[in-house]
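Before anything else, here is the set of structures, which you'll find just below.
One chain, chain A, links the two complexes that follow: it is found with chain B in the first and with chain C in the second.
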Partner chain A sequence: MDQQARSSRIGLEFAQEMKRQSQRERFVSWAPLAVLALLVLLFSLTAEGFFSLKNLQNVLNQVSIPLVMSMGMTFVILMGSTDLSAEGLGGFVGSVTALMVLNSKTTLDMGFLAVVIAMVASVLVSALSGLMHIKGKLPSFMVSYAVSNIMAGFAVLAYRGEPALIRDPFFTVLAQGDFLGIPYLTFIALGVFGVSYVLQTRTRFGSYVMAIGDNEAIARNIGINIDRTKLKVFLWLGVCIGLVGFMGAVRIGRGEVAIGSNVVFPAITAVVVGGTSLSGGKGGVVHSLLGAFIVTVINNALVLLGVSPYVQQAVQGIIIIVAVALSIQHGKSLIVK
Partner chain B sequence: MPKNPSFWRRITARRETLTRYLSLVTTVLLMVVFGLIRSSFLGPRNIVNILKDLSPVMVMACGEAFVLLLGSIDLSIGAIASCSAVLLTVLLPVMGPWAYAVVLGYGVLTGLLNGFLHTRLGVPSFIATLSTQAIWQSCAYLISGGQPLTMLPPVWPYVNWGKIIFLEAVPLLFLVALAVLVAYAFINRLTAVGRVVTATGANERAAWLMGCNVRRSKMLAFLCSGLGAAIGGILFAIKLKSGIPTVGTQYTMLAIAAAVLGGVSMTGGKGAIALTLLGAMLITVIQNGMNVIGVNGLWQQIIFGSLLLAAIYLNSDKSHKGLIVK
Partner chain C sequence: MKRMSKLVALVLVTCTLLSCAAAAAQAEPLTVAVSMRSTASEYHMQYVAGAQAFVDSLPAGTAEVQILACEGNDDKQINDINAVIAAKGDNMILFVDPNNAPNITAIAEACEEAGVYWCSAWNTPEGIYPTSYKYWVSHQACDAVKQGYDIAVTLFNALPTPGKGKICVMEGMLANSANTYRMQGLQQALAEYPDIEVLDDQAGDWATAKALTIAENWLAKYDQIDGIWCACDDMAVGVVQALKAKGLNGKVPVTGVDGTSAAIEMVGTGDLVCTIANNGWLQGGYGVAYAYAAKTGKISTDTMDLTHRMFYTNGYLVTKETLPDYVKNFVDSTPVYDYNNLDFPIAKAMDLVK
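Right, the complex of A and B next:
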């Protein structure tokens, strides 16, 4: 066989292999949607009251906070980092927002300005923990874990053990009202999703994040400013955490540190279940949207099925392990830490 | 190395030693300061208290140190400790002293599960342990029904050994914790599989190429961590004579902080398990001292978080310039 024929055959095989791989990837990226459909079908049959307009409203209401949180988390995880700071920081934002609007504890009545101040604080803290990770070269989840604890301390210190109740009518309406049957908070969450989608698909920043997650060394060599991109990711995360804290506070009507206590884990679950790889560079915000719905639907159905709320966390834990274990490519001599 | 390393270089080269002595010096200084403010701080009763508080943290920290030496992390120890405490409280009336064996077995099992998820399924350790943490926390809540359980007088004979105090200052609990520390340090320094743990943390590929059984040492590290957490939970239960489903939660961070303050590097391969004693001591002295002199407890979380950040910063390895940290 002459040289040319052989090389063309190799080329053909390569093209076929690539095609097969891209097909497989396309199939895998549709998997979350199939899972969601399957879950809805399953729960409609087993859980009484699951398949109803009222419960759809419930799900849309419940999805808002995990959705916003996972939008911030998606970019961090796409980059290959992890952030746990929302637990304390979200609680802190919620606590101080409640203290600054019309409330039962202080005489302040700053209205919307309070939200802005709390959001700025959240962005600053997130940027600070980002800088410690980027400039100090410390592992991101460790820094954010410590920051989370510090901010949780400040949150409790801010209201000194007794949470402030929100008395501002504007925020009460915001929490309970709906438009066309869809709660206002869900519109906020969908707005955040829209912004994230544009950020990821239509801006240079989005491509840079993907590139860094895929291979940081190559991204650096082609001249991407890694540090600046990473910092931007943490700024965006700060915005999302701020919104989560604010939404949590208006939802329960008071500002306490517990607002942040159950937001990180569902968000990581949502991102990972959606198909974004923890090592970075794969997935995206649309995946996380599906993931957020999967997590919410499961939690919602567990409640309807009368399962103890304590089990929800365990179920999420098992889901994360299964999703991560399935998404990791075996056979690669990858060092996992 | 140049002949005249610059000042900064010398400092970074001694960073490790610096943290080690930093925690020792700080501990002694703080003890003096607290003692001056409130003389009862250094009295025998408070010393007993400090040593009793120290024991569970120390045991959990030296288990965690094993995993940190790998360059991995175990975030599940707090939940395992909580679940063990609850489990012990529930089982003691039913099976008597055998409950201890069951709880220790549970600890081994949790460690093996973490190790399995990490080494066989290839799940990154922090996400695997974050997930198992959720599972064990749920179990703790389910077993206890969400309420703190108290030990009733019939089982007191099995737990009263926790009250024994030698020489009016050294509680038996502390000696148990010390024994665990010594055993762990022995495994790490003097057995082949333990030394491979440190080697794996320093350079996994090199360790593998040398023919070390990397996977087995990883399993061992996680096993030690799970077992340490279970022993920590037992000590909590004995100390408080109750099983509280959230007793261990805050100790995940404190144990990591103790290990790092004792000189274990977060990237693995550096540090000694025996020195976690120093880190645990610093943390307990701060905790106890703040209570004794009456500092608002709300500040504790802030102080410990900052302390953890400082400790990781001092202990992090800055010698590789192109290092990619995620």
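Right, the complex of A and C next:
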């Protein structure tokens, strides 16, 4: 009798705890939005020129690359992996695109076809990187780091020290033009977000990625084709990295390997600040959208505030830690890996 | 028959030994190593082209250039140099642009131990000078303070009201000596032009994309920016991109330093008011020429004066006025120097920090 009472009490406590947790999760899932709102409020009050139409356009322009990168990265992180290949691969795509469109260095003038070729190359390389991880059972972190180095090498080889300047007027307009005050590149980024949202919420692929991140063994047992789903994640990542490389080249008007530098960690930061768990299974693209805005707004405001460059990086680091602490789920019941 | 085969064997062995000895006697070409940051940098590749031009001035087949690119990694630079020393012994000379100043000490000790004559450019810590070493022949740099000053003065005079206005300052990487000195030059110029107001000062880390973002933020914040002092060409490219988006390129004067081909072109279009070409051909070419002269005994570190051990080389201020001359001498043709005249590259002696 005693035994029975105890087990029913444990059951009740468990149910109550689960309820508390789900309430907390629901509350916490709004946290990134609250953090963003808080930052916007704070900077509007303190940074001259922050709350203005001109700066809104500016932020929308600057969020485009981190947003696209974080859309590719979200799926990778959702399934519990990490990928660093964008640094070299993005630089490679940007470099060769600049060499294939009308430019200062080669006689080629392939126009939009150049972008398609570079994108296909990006997807293939990312697929190859994914296959080495999936079939070769090598850690994605290491494989992608190696692939990044290889592609950075190819990028440098492609332009041999003197980056090509983009002369194609179409791409110049793409970089600098806007529609209703919103830069064209931002439309591309929002389009990528839209596709990512559909992929995550309206397709089986999206559910599979979540299931794999949550528990790969269970996902395998219920018949999900793990390898194929993972490969698709890397294909999508390849599309996003390709776009990042292309947009980076268009934005600075030339193709150099440095286009890829400083895109990976801001994107991972955006994903995590947005509330997606690094160990997989929790979060999603809407979170990353908010995360990308948080990261961009911080960068933007520190310059507007005129923070001394000597302390800027430190200040940025502190804000990121506070933002992560506020926006991710870290209740007692969760294990942080 | 037996004697015959012994004779044949003897002849064969002798021939083999002779051919081996002949091969050994044929001198292996001297390795001319150039250690710098990256093959992706146009300016660093000018060092290599300069070193190659020097090698081409020697009898054919006597020397060959080997590139050591450290890709921004201090350890890699030291390891690569040690690896070449291990393979070539003293049959090499070396020209180094240290990734960071402290690397110099490790390189100096490795070369001193192996008896490798070498020269350096740009970075060296205070108090660590060639004069303390036998094999460290010379150290050279462009006068970065002068560069910072020259571009500042050119910028101030190019403002809508010459000598008066509001400017933004795009620094390179903080704590990097080239940036520190260029900033000193800017401060000197600012002291001479009291009507110039600095609106903001940010670090673009020598990177195009970061400079672009910072400039976009400036354009969102300030209604009026009269000019932008920018510490290098790569960042200037980013700044001009930001101005282009607002239709302000050519209207807001921007400076650069380094003389990259993109910057030279932008001086032509009016997007940049000036840049300074460091002339990596001269630096790399004479860097190895000094080491070679010491190795072959033409000069001796025991008797060289201070001016030849540590000196500044001249950069080339490229403005719209000087552009045609620059293009003629450095773009349409690669400069070739008389490497026997070791006084040629010296603009002035360095002031040593005692």
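In this text, the second predicted complex is superposed on the first by the 290 of 337 C-alpha atoms of A that agree within 3 Å, B and C clash if a C-alpha of one lies under 4 Å from a C-alpha of the other, contacts with A are read in each partner's own complex, and residues count from 1 in each chain.
Quick note on the criterion: a residue touches a chain if its C-beta (ideal position, glycine included) is under 8 Å from a C-beta of that chain, and two chains touch if they have at least 3 such contacts.
None of the values given here were measured: they were computed from a predicted structure.
Asks: Looking at the overlay, what does A:V156 touch: chain B (first), chain C (second), both, or neither?
Replies: A:V156 sits against chain B and chain C alike.
Asks: In the overlaid three-chain picture, which partner chain does A:V40 touch, first (chain B) or second (chain C), both, or neither?
Replies: The answer is neither, since A:V40 touches no partner chain.
Asks: Looking at A:A175, would you say it contacts chain B, chain C, both, or neither? Reply first, second, both or neither.
Replies: second
Asks: Looking only at contacts as defined up top, I'd like to know whether chain B or chain C touches more of chain A.
Replies: Of chain B and chain C, B contacts more residues of chain A.
Asks: Tell me the contact category for A:Y310 with respect to chain B and chain C: first, second, both or neither.
Replies: both
Asks: Is A:L131 touching anything from chain B or chain C once the two structures are fitted on A? First, second, both or neither.
Replies: Neither partner.
Asks: Mind working out whether A:I117 is in touch with chain B, chain C, both or neither, as first, second, both or neither?
Replies: A:I117: touches no partner chain.
Asks: Once the shared chain is lined up, is A:L190 touching chain B (first), chain C (second), both, or neither of them?
Replies: neither
Asks: Show which residues of chain A both chain B and chain C reach, each in its own complex.
Replies: 156, 160-161, 308, 310, 312
Asks: Which stretch or stretches of chain C touch chain A in the complex?
Replies: Listed in rising order, the residues of chain C that touch chain A are 38-42, 44-45, 171, 174, 200-203, 207-210, 212-214, 216-222, 237-238, 241, 244-245, 260-262, 265.
Asks: Quick one: which bits of chain A touch chain B in the complex? Just the residue numbers, please.
Replies: Going through chain A, the ones touching chain B are 79-82, 132-133, 136-143, 145-150, 152-154, 156-157, 160-161, 216-217, 265, 268, 272, 278-280, 308, 310-314, 316-318, 320-321, 324-325, 328, 330, 334-337.
Asks: In their shared complex, at which residues does chain A touch chain C?
Replies: For this pair, the touching residues of chain A are 48-49, 52, 54-55, 57-58, 61-62, 104, 155-156, 159-163, 165, 172, 175-176, 248, 251-254, 256-259, 261-262, 299-300, 303-304, 306, 308-310, 312.
Asks: Could you please specify the touching residues of chain B with respect to chain A in the complex?
Replies: Within the complex, chain B touches chain A at residues 70-73, 117-118, 121-128, 130-135, 137-139, 141-142, 146, 204-205, 253, 256, 266-268, 296, 298-306, 308-309, 312-313, 316, 318, 322-326.
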